[in-house]
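Each of the next two complexes has chain A plus one more chain, namely chain B in the first and chain C in the second.
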Partner chain A sequence: MSLPRSELTKLRTAPGLVWCLVGAAAVMLGLPLLASAGNPGTYGRAAFVDEFRFVHQPLSGDGTLTARVRTPAGGHPWAMTGLMVKESATPGARYAAVLVTPGHGTRVQADFTVDIAGGEAASWLRLVRTGPTVTGYASTDGVAWQRVAEVPMAGMASTVEIGLFATSPAATRTVATRPVLVPTRPATAVFDSVSMAGPWTGTDVGIPGGPSTVESSGTFAVTAQPGDIIARADDGSRVVAATAGTFAGMLPLVALGALVMTAEYRRHLVRTTLAASPRRGPVLAAKALVTGGACFAAALVATAGALLLAQPLLRRSGYRPPTYPDPSLSDPRVLRVIAGTAAAAALVALLSLGLGTILRRGAAAITAVAAVLLVPAVMTPLLPAGAGRWVQRLSPVAGLSVQQVRETDDAFLLPWAGRPWTGLAVLAGYAVAALTAAYLLLRRRDA
Partner chain B sequence: MEPMGPIECQGLRKRYGWTLAVDGLTFTVAAGRVTGFVGPNGAGKSTTMRMILGLDRPDAGAALVGGRRYRELRAPLRHVGALLDAGSPDPGRRARDHLLWMAQSNGIPPARVDEVLGLVGLAAVARRRFGGFSLGMRQRLGIAAALLGDPPVLIFDEPVNGLDPEGVRWIRGLLRGLAAQGRTVFVSSHLLAELAGTADHLVVIGRGRLLADASVAALTSGGASLEDAYVALTGGSVEYTAGPA
Partner chain C sequence: MRLARALHAEWTKLRTVPATACLPPATVVATAALGTAVSTSCGGDCDAARLSLSGVYLGQLAVVALAVLAAAGEYRHGLAATTLMAVPARLVAFTAKALAVTAAVLPAAALAVAASLAASRAPLPPGPSLRAGGGTVVYLVLVALLALGVAATIRRTAPALSTVLGLLYMAPIAAQFVTDDRWRTLIERATPAPAALAIQDTTDPAHPWSGLAVLAAWTAAALTAGATAFIRRDG
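Coming up: the complex of A and B.
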């Protein structure tokens, strides 16, 4: 153990390297607290999100509405285009709807809690109200109809609003405490062959008014500001909040990993090191052990500290039981997020150590690793969804998948949703490859 | 201290790209005396020393210390102490910590760190950061690092560079004292005058080749001054010569 001890002495007696660790821990602790200290009461008020554009008219008693979806709203896998009956055009009023989505096919939904899948996205939709039930149908040609689902709506008022609606989630389907880049453009759905005649009323339910509905000779363009229709549920926000600083905090660790080696090359100190320990494999292994260990410890303490210190702030913002239960350190998922975050931080530093050894120049190595981490994150919103996901899956940022709490694969920078360890393994693969190449070069090269 | 041993270079050859830095160098540095390693700038002195220390891999030949290759030594600082040119610790690191990590890597007790700091006269500044050291203090710290493992073989690359006259005097006394203890002391310099009163034996190289391997007495026999003998030897191998005035 003499070599790791010697490398640990080197690390702790170089102020520049110690500051990298302190800086990383400060960011990993500070950003989550900043993100958690948002407006008090933001999330406590309503148990649902009810934001969409509704083009509607009153309906008394039974009735049927049929329409063709020429262009569904896009921009998100959960963007919705469809037909709805709702007690009134106000947020929270009871409703039942048949709708299509770009990522999740045809669905029947009701009262924020019912969600029934109905196969591929159809191009014709029909909503039928008969007594106390509402039934959704879908068709590919407007001739042959498939029943998607029938939902009981006992107790609904006899006069309701019926009509066309569209909405596209921007931030509502991401975890509020996870900082992401989401496009927040309005989404437009186009309907035609609408079976009911006017007059129609356009209402922006739950959101400030946007562009009005355009109707021309039976074609309706329904434009919705970003919104969503969903019950609020525990999305893992109270755990995810602790990871808000991971990505930014990794950057000082990238510098640390590279400098552990490149600073020695810059001052020719590497000659002193290799004269003292001529076996180069063990020297690199000792550096990897000490660098990885120090980064793991710093990230672990910072992330666990962030989780604990953020809780009072999150409760104040409205993340309270029963919707958002208190997270517990004994929950294996919480442990995985914290330990996995520390492991991902350590692996990024090791990737940087490997590249630093290969390139022998601090600026070059830091730039290369930072680019490898940042480019997929910046590129993803510009690529088609599938391509963007694979870029993330195969790049080192895949390691952040280990931070998944409850999110689905729609989440940003969680390309291995459902398989959090796979993402970490991808990152580990990069670190191992870089260190192996570094070892082969270090052994061969003149110091 | 480990048993004494000579430094043996056998047909060392090293090429960097198009430059043949060392070209078939064979010589032995014996224990118990100060051997000077002289030659013009670019003659291959530092390259040879790096090959002895296992830092650069020779294209041909071998360098042995006490009969073994440097890379085979398990705690090399106990066998060979080296002061290399330009190798310097992190400017923010304290002098004592620089020696401490070296000691830890070779299983040398930390008490020895304070001992060598006293030996080179840096005890008072042991906890100062390296960045604030003068050139002379840096050189002394480098010598302390070389002495750390109490090695029988010592290699100094240009040890008096940047030292004031008092420091030069100190180094000379140190080198002679180490040789008197029976150690192998191998000192390079591009200035012969620096070695004049110190070295017993000289290895002279030029353009990577051996020009002379003789005692100082043999080189100055026939009444020639050491300076004249050196210029006569190296005259054909300096890289750049001034034109006639």
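Coming up: the complex of A and C.
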């Protein structure tokens, strides 16, 4: 009982260590508030995103458009290439479309809310408007057609625009860290065997104009600036905001974990410590308990505080009900984010404590933790998507997966998307391994 | 003359203290090894030179550690007092330290970059690759001097190291959480890294050198702060 108490006293009375804790909490609280205040009115303008390249012509009454997708737009699992009828080529106008995506197969979508899956990505698409309904068909060879879905479009104007479209969400949604100062590239889709004759009009719906459509002998290259066609929904932004400072706040905790041990070697206090309690195991365990507990508490208070204090700022920026409901502390997902963040912060400090005990020098320990924690996080955007994800999955950064809020297959520093606890377990594995090695070395070595 | 003697003394310290002596070779090994590993992961459409040079994300750790130990390590065992007794002119001592660190980092960085580029499997465009390689060497030297300035200001290895690592690694990550494009662009452009590594882009970037200029400004500020603190404080 006296060991944890003496360790707590050391932690409490060393100004450097206290500053580490205060600094970490300040970053974990301050960055979310800065980030929340730094989004003046970016959201909440419309209930939908409607941004794509549309090559279209007017259609009165019923009609059929068939085309082959030679090259679908790429760059994102949700890049879309397909055929569409739309009341007019303006953002927000009603529409129905049959489309293919790289990651989610063939789909029929309408009016931002209808989304019907239709199996593997097809290479031939057909869109048929009959009276008040629009039907999408798909085919692998252009001969045998399969109906994907029929959507009722009652009340749609009789004269609409029909044509080819392409769009691809910005690469910001696909890679962990945006390649700095490098603009995201437009996506290009290529169609041929288009059943309707021209003249066609090219329009960039909802986005600034980009390169014009290239048409040569029946082949269309439709190039879209980054965009998307989707209803805005609660994407968890009001919870995610609370996690903005976690990673940056971990750096002072890394220093803290290392210094708890290395400062003793520096001032030879370790001899006194080990003279007072010669058994190495309890000493290391007491240090781990106090360090982990202090970091857990600091991160818990800072993250919960950030969540609560960021809400007024976010509401002012347009994150309001009903699209963005108020987060509640009793929501299990919110609880997981807050408690998991605190646990990840504590585990990073314990990893650092282990490495500090092994290396016995503060500078060396901090460099080592930086090598396994920071380098994988920062260099991921340079790697191909699959390799980058595995680098993060197997490094201690995986622990941040516990912060996942959004249901996405692409997210920032969340390599274990869908399995938040697995990521935390990977980090815990690193911490346990480091502390075990530290214990074995501490027992063998002379102080 | 005084500077030459002081430089010789600083160089001897760097060369004979095991911790600092092993760091230039570590820079080369870490940079080249990671760069080689990463460049094999490229499946076609990628910037080959940038990938093979991406080892600097790891290699710069050794460079930063070297500079921090050179500037702040002396205070640990009271060696700083001896240094200042031998070279009482503070500015001379500080300049000698900066020159010695540059002399240690420059060949290591050049070797690391050359080894990384040589290990690339994909063909490299000669002109832009030369710019990318040369820019990376300059980047590593500037990062070392930035760390030296910060460490001379703070005088303790662990806090100095944390500060420099925070500057280099945390700003781009924190910027990710700012969804307003103007703010994010401002943060990304005004912080020292990784904007400076835009120099590694061989796919015709708009302003390859502007990021390095930002880093150079940070380095100048850190060196000024470090020199001022070193001159005005008691050893």
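Everything below uses one rule, namely that the second predicted complex is superposed on the first by the 429 of 447 C-alpha atoms of A that agree within 3 Å, B and C clash if a C-alpha of one lies under 4 Å from a C-alpha of the other, contacts with A are read in each partner's own complex, and residues count from 1 in each chain.
We adopt the following convention: a residue touches a chain if its C-beta (ideal position, glycine included) is under 8 Å from a C-beta of that chain, and two chains touch if they have at least 3 such contacts.
Predicted model, so just to flag it, every value in this text is computed and none were measured.
Enquirer: Using the superposition on chain A, tell me whether chain B and chain C clash or fit.
Expert: The answer is fit.
Enquirer: Using the superposed model, measure off the angle between the directions from the CA centre of chain A to chain B and to chain C, in steps of 10°.
Expert: Value: 50 degrees, nearest 10.
Enquirer: Output check: A:M379 vs chain B and chain C. Expected answer is one of first, second, both, neither. What do you get?
Expert: Second partner only.
Enquirer: Figure out whether A:A258 sits in contact with chain B (first) or chain C (second), or with both, or with neither.
Expert: Touch partner of A:A258: chain C, not chain B.
Enquirer: Mind working out whether A:R53 is in touch with chain B, chain C, both or neither, as first, second, both or neither?
Expert: In the superposition, A:R53 touches no partner, neither chain B nor chain C.
Enquirer: Check whether A:I366 is in contact with chain B, with chain C, with both or with neither, and answer first, second, both or neither.
Expert: Second partner only.
Enquirer: Per the contact definition in the header, classify A:L274: touching chain B only (first), chain C only (second), both, or neither.
Expert: The answer is first: A:L274 touches chain B but not chain C.
Enquirer: Taking the superposition as given, does A:G16 touch the first partner, chain B, the second, chain C, both, or neither?
Expert: A:G16 sits against chain B and chain C alike.
Enquirer: Classify the contacts of A:A248 with the two partner chains as first (chain B alone), second (chain C alone), both, or neither.
Expert: second
Enquirer: Of chain B and chain C, which one touches more residues of chain A?
Expert: C
Enquirer: Once both structures are overlaid on their shared chain, how near does any Cα of chain B get to a Cα of chain C? Whole angstrom is fine.
Expert: Across the overlay, chain B reaches chain C at a minimum of 10 Å between C-alpha atoms.
Enquirer: Once the two structures are fitted together, what part of chain A is touched by chain B and by chain C alike?
Expert: In the superposed arrangement, which is not itself an observed complex, chain A uses residues 16 for both chain B and chain C.
Enquirer: In their complex, what parts of chain B are in touch with chain A?
Expert: 50, 53-57, 70-71, 73, 76-77, 80, 82, 84, 86-90, 92-94, 97-98, 100-102, 104-107, 145
Enquirer: Show which residues of chain A lie in contact with chain B when the two form their complex.
Expert: 2-3, 5-7, 9-10, 13-16, 263, 267-269, 271-279, 444, 446-447
Enquirer: Over in the complex, which chain A residues touch chain C? Could you list them?
Expert: So the residues of chain A touching chain C come out as 16, 31-32, 34-35, 38-40, 42-43, 177-178, 180-182, 240-241, 243-245, 247-248, 251-252, 254-255, 258-259, 262, 266, 361-364, 366-367, 370-371, 374-375, 377-379, 382-384, 387, 412-413.
Enquirer: Could you list, by residue number, the parts of chain C that touch chain A in their complex?
Expert: 19, 34, 38, 41-43, 46, 50-51, 54, 57-58, 61-62, 64-65, 68-69, 73, 76, 157-159, 161-162, 165-166, 169-170, 172-174, 176-180, 183, 188-189, 194-195, 197-198, 201, 205-207, 211
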